[in-house]
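Below are structures written as structure tokens.
Two complexes, one shared chain (chain A), two partners (chain B, chain C).
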Partner chain A sequence: MLDENFQEGFEALRGNFALKLQDKLADLISFEKKLEETNYKLEVLQELYQIIHSISGSSGMFGFSEISEAAHKLEEVLKTVIKGNIIIEPKIINQIKMLLSGLKKEMG
Partner chain B sequence: MKPTLLIADDEKHVRELLKMLANTIHLDIVGEASNGVEAIALFKEKKPDIMILDINMPRITGDEILEELTSELENTCVIMMTAIVDREDVEKCIKLGAKYFIRKDTPIYKMAKSINETWKAFELIRENKNKEKFNLKQLFDEIKDDKMLKDIV
Partner chain C sequence: MTLLNKIMYVEDDVDIQKVVRLSLEKIGKFNVIICSSGKEALDTIPQEKPDLILMDVMMPDMDGPTTFKRIRNTPEIADIPVVFMTAKAQVKEMTHYRELGVLDVIVKPFDPVTLPDTVKQIWEANHA
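And now, the complex of A and B:
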């Protein structure tokens, strides 16, 4: 169903997306500071969720499955926190830090 | 005639990929929206055969769009796209008129196949519904003209 022209176009888009991922990685690194400064406030975690959600979805679409998976794990934890099902305690903050570090590693 | 398609996703590179995919499977792209407000306006203007809708969009989310348009979706095959398939989201969107869910990490060839198959199934059902409607209309017209009653007599 998908011909050679499609494959060529897909590879070009994938290349562009890979560059975007580097921008997103830079965003994440600067966002980490914000998280520390605000002591992982719920509003800031909501912002982080939006960034991670977009990384999770689009990286999967472009075939970066390891990044997508790492983002997805963090997204799940953030979603639970945002829905109010988990209190933001040190254990959760550590889990978020660990998952964020794992994601950055995959993106780097 | 090619089926018409509206794409709604806040990420440009995702829209670009979907447009490429749509061209490959011979869909006619009639609009692309980068947020929920645009998606609603374009839907009302274009009345597409297919709408690919991202759940997590700024301003108005995909499920909120369905809520807004639910009474106008009879002739549109709505396919939701999402990073995570959350059971609650799926149930809600299906109730509101979505026909299928595609995870964004689905391999691209499978995505093309799913869009195509969902559309074909929807088109068949839509055609049958329209035929039934036409038959009913014909019947009412005949009753109105008294032809049926005359025939019975």
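And now, the complex of A and C:
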């Protein structure tokens, strides 16, 4: 049988994380403006990658699998761009926008 | 077999730190030390001497592989086994991590309920 202290502690942490997700969503919306203003500059995409990586890992850990999956898809594209394997062209920017939109939808 | 008691977890994400501590302490009954960066880990390992180090791969400033290499290059702590914890990675990346000499790689996100068993299995497979 699962440790009761674990179960209680986990539910408390999960509830707290669910509240934080709304702040994270607000941060993402603000970040979108920064992406537009800097025309999806590599340095800004690197910042976005850190944020998305964190959302992907932590949301999966708390059982928010749809959010984790949506974040992971975006994370993979950003990783390829950052490694220099894809040129930041309009097609890629559109893909990032689409995946970001999907992630926000899951978080909303 | 050497008993696994003290585990260090190196992770910059505070939410994940809390879940892992809860899981390893309450379910696994391990003694857990948390470090938030590679640098903090390198400063803390010599005094704490954990039996095992679980380490996130992607951390700001000093990532997991760099921290791991520094551990291996510091004679007094060089033998402490390290397990990487990483987001779903490509086979090539996983192979690269293993070739560095880590004990194993755990893929994130993982189930906190089964994490202690996974860690025990990795330990037992390498300390039989």
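Quick note on the criterion: the second predicted complex is superposed on the first by the 106 of 108 C-alpha atoms of A that agree within 3 Å, B and C clash if a C-alpha of one lies under 4 Å from a C-alpha of the other, contacts with A are read in each partner's own complex, and residues count from 1 in each chain.
Everything that follows uses one rule, which is that a contact is a pair of C-beta atoms (placed from the backbone, for glycine too) under 8 Å apart; a residue touches a chain by one contact, two chains touch by 3 or more.
Model, not experiment: these values are computed from the prediction.
On the superposed chain A, the two partners chain B and chain C do not both fit; they clash.
Once the two complexes are laid over each other on the shared chain, residue contacts for A:20 go to chain B and to chain C alike.
When the shared chain is aligned, no partner comes close enough to touch A:29: not chain B, not chain C.
In the superposition on chain A, contact of A:42 is made with neither chain B nor chain C.
Within the superposed three-chain model, A:98 lies out of touch with both chain B and chain C [touch as defined at top].
Of the two partner chains placed around the shared chain by superposition, chain B and chain C are both touched by A:61. Residues 2-3, 6, 9-10, 13, 17, 20, 50, 53-54, 56-62, 68, 72, 75 of chain A are contacted both by chain B in one complex and by chain C in the other.
On the side of chain B, the complex with chain A involves touching residues 10-11, 13-14, 16-17, 20-21, 24-25, 54, 56, 81-84, 103-109, 112-113, 116. Chain contact summary for the complex, chain A toward chain C: residues 2-3, 5-6, 9-10, 13, 17, 20, 50, 53-54, 56-62, 68, 72, 75. Taken together, the chain C residues at the contact with chain A in this complex read 13, 15-16, 18-19, 22-23, 26-27, 58, 60, 87-88, 108-110, 112-113. Residues of chain A that touch chain B in their complex: 1-3, 6, 9-10, 13, 16-17, 20, 50, 53-54, 56-63, 65, 68, 72, 75-76, 79.
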